[in-house]
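What follows is a set of structures for review.
In what comes next, subunit A is part of two complexes: it sits with subunit B in the first one and with subunit C in the second one.
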Partner chain A sequence: MLKLVVCIKQIPRVTELPWDEKTGTLRRDLAAGMMNPACKHALEAALQIKETLSAKITVITMGPPSAEEILREALALGADEAILICDRLLAGSDTFATSLILKEAIQKKCPKFDLILCGAYTADSETAQVGPQLAEELDLPAAAYVEKLEIEGRTLRVRRLVDNFRETLEMEFPALVTISMENYKPRYTGLAGLENAFEENDIAVLDAKSLGFNAASIETKGSRTKVRKVFLRKAPKGNVILQGAASHVVNEFLDKYQRKIGTVIGKSIEEKNLNDKK
Partner chain B sequence: MTKNRKKSIWVFGDYRNYYQNRVTLQLIARAVALAKTIDAEVCALIFGYEIDEWIMEYTAHGADRILAIDDPALKSYSTERYLAIIEKLAKERDPEIILIGATDFGREFAPRLAKRLKTGLSADCVGLEITEDGLLLQIAPSFGGNMLAEIVTEFHRPQMATVRPGTFKEIPHDYERTAIVERLPLMKGLPKPRVRLIEYERSIEKEHTIENASVIVCGGRGMGNKEKFKKLQELAKLLGGDVGATRPVVYAGWADHNVLVGQAGKHIKPKILFSFGISGAIQHTAGLGEADFIVAINKNPQATMLKMADVAVVGDASDVLNHLIKELRKRIRE
Partner chain C sequence: MQFNPCTKHKLIRDSVRNFAETELAPIAAEIDRKAIFPRDVMEKMAPLNYFGLQVPKEFGGAALDSISAAIVVEELSRVCAAIGLCVTVHNGVAVFPLLKFASNEQKKEYLPKLASGEFIGAFSLTEANAGSDSASVETTAIKSNKGYILNGTKIFVTNGGVCNLALIFALTGFEPGKPQSSVFIVESKYPGFLRGELEDLCGMRANPVSSLFLEDCCVPENNLLGKIGDGMKIGLSTLDNGRIGVAAQALGIAQGAFEAAVKYARERQQFKKPIASLQTVQNYIADMATEIAAARLLLYRACSLKDAGTPFGCEASMAKLYCSSVASKVTSLAVQIHGGYGYSKEYDVERYFRDAKVTEIYEGTSEIQRMVIARSILSQLTF
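Right, the complex of A and B next:
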């Protein structure tokens, strides 16, 4: 039986962004969460493998207690086992620390994995770094931005589009892939499944201590980067404001920007006939 | 290790296609400016087979030193080989900073390299400065560029960043320039790559998707109703672009889920974005990335979308749309 591990992340729904001004990190405890879209695609890829081959899916996340919600969602969708890494000591980890912590958890709970799947990037911090760094931690062959997976025995074949090259790569298990949003469209969670998943109590919770970390070791082995400041990007440009009758505004706009638009669409846009202007 | 060696800023020579090569040139240019502040040299790394072209080009564009390994075994890009090579070189030479283009390759390769060198890395930076305390200040976007973070790697070296293409301007070439070119042999005993490249072909054109469309016409609730929303398709067609939608519009059934633009949907980066009747909630704007030129139409002059726009049109979205379609039909010449 194939052992699949899917790393997922809860990201804040961005209705409001509660930043901690002092530490420059997001107050994740204050934001309502959702499963990161690319992680959903990674889970879908695992579910599709399980539809054709004998496989067991373990989902794992690190986050505040509320991150349990996305594990329940994953269980409802068909994952078999869920692990929550949750400890205040681990809050504010950068990708270096996160990948280290994930490695410890995977080695503790499912050391005999065949394939680890991650989303290619998260919609909040967008680093796309945790997957490759986890591969490095576990010394695995890996491929990022994977669009299609095929498994034959112990061989994994992946297809992807990187820097305008269409590539087919092969590697042997155990391996790691990060899944792009091109393919593996996520299925929807049935409400019944979700309710069942909330009734069962099968989420393993790991804290820092159980993974062999304490405050001192997290300090030395953990994050390498420090966020000094976070700020909202200001309204970018001194913008041009047009108002008035729609026909007038449209003509003013096209006269002013006909060349710019023409260049982008590769056609020419005429200036307004002078007679019309009077 | 001799510590009297001059500090070095390394730029990874990513040259596999035209676009990747330009990023390398942009990074060399920025490294030249940063190097002045911290009294360092700029060193370009070039690994491959028959690479003289790149040695010449990176010298002409500002590198002080080139570390080159020219070997048939490096004919195609290999993350695993490059990792092993740079790991050895970095341990010998102790670079202060390593910059890598945020190409697809760079963003897969740099995280592994940072991990192997046990140092920090920030992703897809849109700015690099030197702080008063001499650190590399890495300015990285998050939430689709709505937020920026200033990041430093205080205690570990090298300081590493991947940098978004187009962030910096390359220095014009000067073929009179010279650099110290170190041609190194391929190290012996490198581990055999475990990832096998079976096939690859240059994809002439990325398949057309909303993510790479150069013109996008987005509509929100302010379009009024489904019929009026459908007219966005006409404008998109005239401009050779795609239609995008906000979440309320998708929920209302005016548009398909696969054109949802925003945090939970597609992330777009068009050259021109038309935004009709969209207020600009962050769930939506988090998907806008770096639209070059935004034209927003909204009744409410206080709408966030208007404030983000290059051209803000205050008016009824559907009304302006109809006039724009009519006027463009008259004016567009093939």
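Right, the complex of A and C next:
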């Protein structure tokens, strides 16, 4: 049986995210939480593996007690086991510290894993670092921004889109992938699944001490980055009105803006061709 | 007493909201305008247990508590009340009486089909001369050697145009001084089960509401629900439960209209500022928010009494009376806040306004709810 670990994160619901322009901070306490979209895609990838091969899925997250919500959601969707890393000492961890903590938790609770799946990036901070850093800490072969997975025995074949070309990579288990939002559209959560997630499953809670961290070790091994300032980027807005005959206006528009729109148009045509070939 | 939603209720709300906003929001206006029942969406809802909200797991249901079931109806109705109606009628007044009164054989036969969405259910009491006065049913069921032969016409049957199974109330005899009614589980495939044209209604237009004609419709003897003469008992118990569903639906409509009104009030500029900065509009918003919050507490109280196994009929009537009244008021104010645009089909509040009205009428009019509540209060010796 394959042992899959999916690392997920609770983020503030983006459309509801209150923003304090004076202090430049996000009022996370006021926003409702949700599972990060790319993490949902990673979980979906694991669920699809489970549907075709024999597999056990462990979901793991670090966050405040409210992060239980996304673990229950993952259980409702079909995960088998859930782990919450929750401790005030670990609050404010940057991506480096987070990957160290996840490494300890995975080695403690599921040391014989075959594949770790992460979302490629989170919608709240968008660093896309935790997955690759975790692979580094666990010394695993890894691929980021994966859009398709195939498993043959102990070999994992992944396809990913990098800089306008697609590449296929192969690696042996154990391995780590981060899943992009291209494929693996998340399924809806069924109501019976949600009911079961509360009735039939316990969530294992790990604190800093149980993972071998204390205030002093967090001081030395902990976060290496500090956020100095967050600010709202103000893009200048202004309408440009082109006047004259249609042919003149089109030519003027292309002269002025072709460089800005060319790549966008080019990319969408290229993607359409690729999709048609599929 | 717990006033904050538990994690389960929050997740159920989130997941139904996600489904409704993704699948129903893009089509809600069109299926209302064209009176289309969206079967493809129903097929997506079925595996997610929307048709077996409170059916035990052994029969393929989700076994939800009553607050969870109300949240499901609320969230569907927040986006598309006609689909909220389909789900609440199926679960609240077709499945519920089977859960409560059916024999084990009947449960094994019908609950899995209903819970999986293979069968859509309907409840059929109303006739041309029997609405609030449910004892005046004229449809008859006469016992024969093949089973029961049903004859009569039912009107305003929610889900009537698509149901595979309907619970039919029919006269089975006379007790001294009053008619005796019974309930039959009637499959649409039985010969003599005919559907009328779909009704052209003011609101809830995506729900196929129709008449049902029973013309020498032969129903197997085993399909009698409960005992002969149980009609009134089953009817009253089912309506108590159905009222929770309609209250949830009305609350969802109010919530949807309220959110649309707040969004519009923030965006709409008059006198060079958003109309939300005007005190009159703020007063509307404050009243709407307060009444919706009160309605929600009243609804969840009826649900928690039901789950505790205590009588909940009076509280269900209070919830239905108040939620439907709030829905009518809030949707009217939402149109008012939208001004002329609110009267246009371009904006959703026009649909919410039409959908809200019927919640004051079906499953017992507001006048009947007041009668039920007053009778309950006046029969109590202490308060």
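One rule holds for everything that comes next: the second predicted complex is superposed on the first by the 214 of 278 C-alpha atoms of A that agree within 3 Å, B and C clash if a C-alpha of one lies under 4 Å from a C-alpha of the other, contacts with A are read in each partner's own complex, and residues count from 1 in each chain.
By definition in this document, a residue touches a chain if its C-beta (ideal position, glycine included) is under 8 Å from a C-beta of that chain, and two chains touch if they have at least 3 such contacts.
Computed from a prediction, not measured in an experiment: that's the story for all the values here.
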Which touches a greater number of subunit A residues, subunit B or subunit C? B
After the superposition on A, what does A:R157 contact: first (subunit B), second (subunit C), both or neither? first
Once chain A of both complexes is superposed, is A:I241 in touch with subunit B (first), subunit C (second), both, or neither? first
Could you tell me if A:M1 is touching subunit B, subunit C, both of them or neither one (first, second, both, neither)? neither
Looking at A:E68 after the superposition, I want to know if it touches subunit B, subunit C, both of them or none. Which is it: first, second, both, neither? second
Return first, second, both or neither, reflecting whether A:Q129 touches subunit B, subunit C, both chains, or no partner chain. first
Identify the partner contact of A:K226: answer first if only subunit B is touched, second if only subunit C is, both if each is, neither if none is. first
Kindly classify A:A215 by the partners it touches after superposition: subunit B alone (first), subunit C alone (second), both, or neither? neither
Is A:T189 in contact with subunit B, with subunit C, with both, or with neither (first, second, both, neither)? second
Using the superposition on chain A described above, determine whether A:A76 touches subunit B (first), subunit C (second), both, or neither. second
Subunit C-contacting residues of subunit A that also contact subunit B: 34
For the subunit A and subunit C complex, residues of the former touching the latter: 34, 68-69, 72-73, 76, 188-192, 194-195, 197-198
Residues of subunit A touching subunit B in the complex: 13-15, 17, 24, 34, 37, 94-96, 99, 123-133, 135-137, 141-145, 157, 161-172, 182, 223-233, 235-237, 239-244, 246-247, 249-251, 253-254, 257-258, 260-261, 264-272
Subunit B residues within the subunit A interface of the complex: 16-17, 19-20, 80, 103-105, 107-112, 114-116, 118-124, 137-138, 140-156, 194-203, 206-207, 209, 214-215, 239-241, 263-265, 267, 271-272, 281-283, 286, 293, 295, 301, 306-316, 319-320, 322-324, 327-328, 330-334
Mind pulling up the subunit C residues that touch subunit A in the complex? 7-8, 10-12, 14-16, 18-19, 44, 47-50, 52-53, 57, 61-64, 68, 72
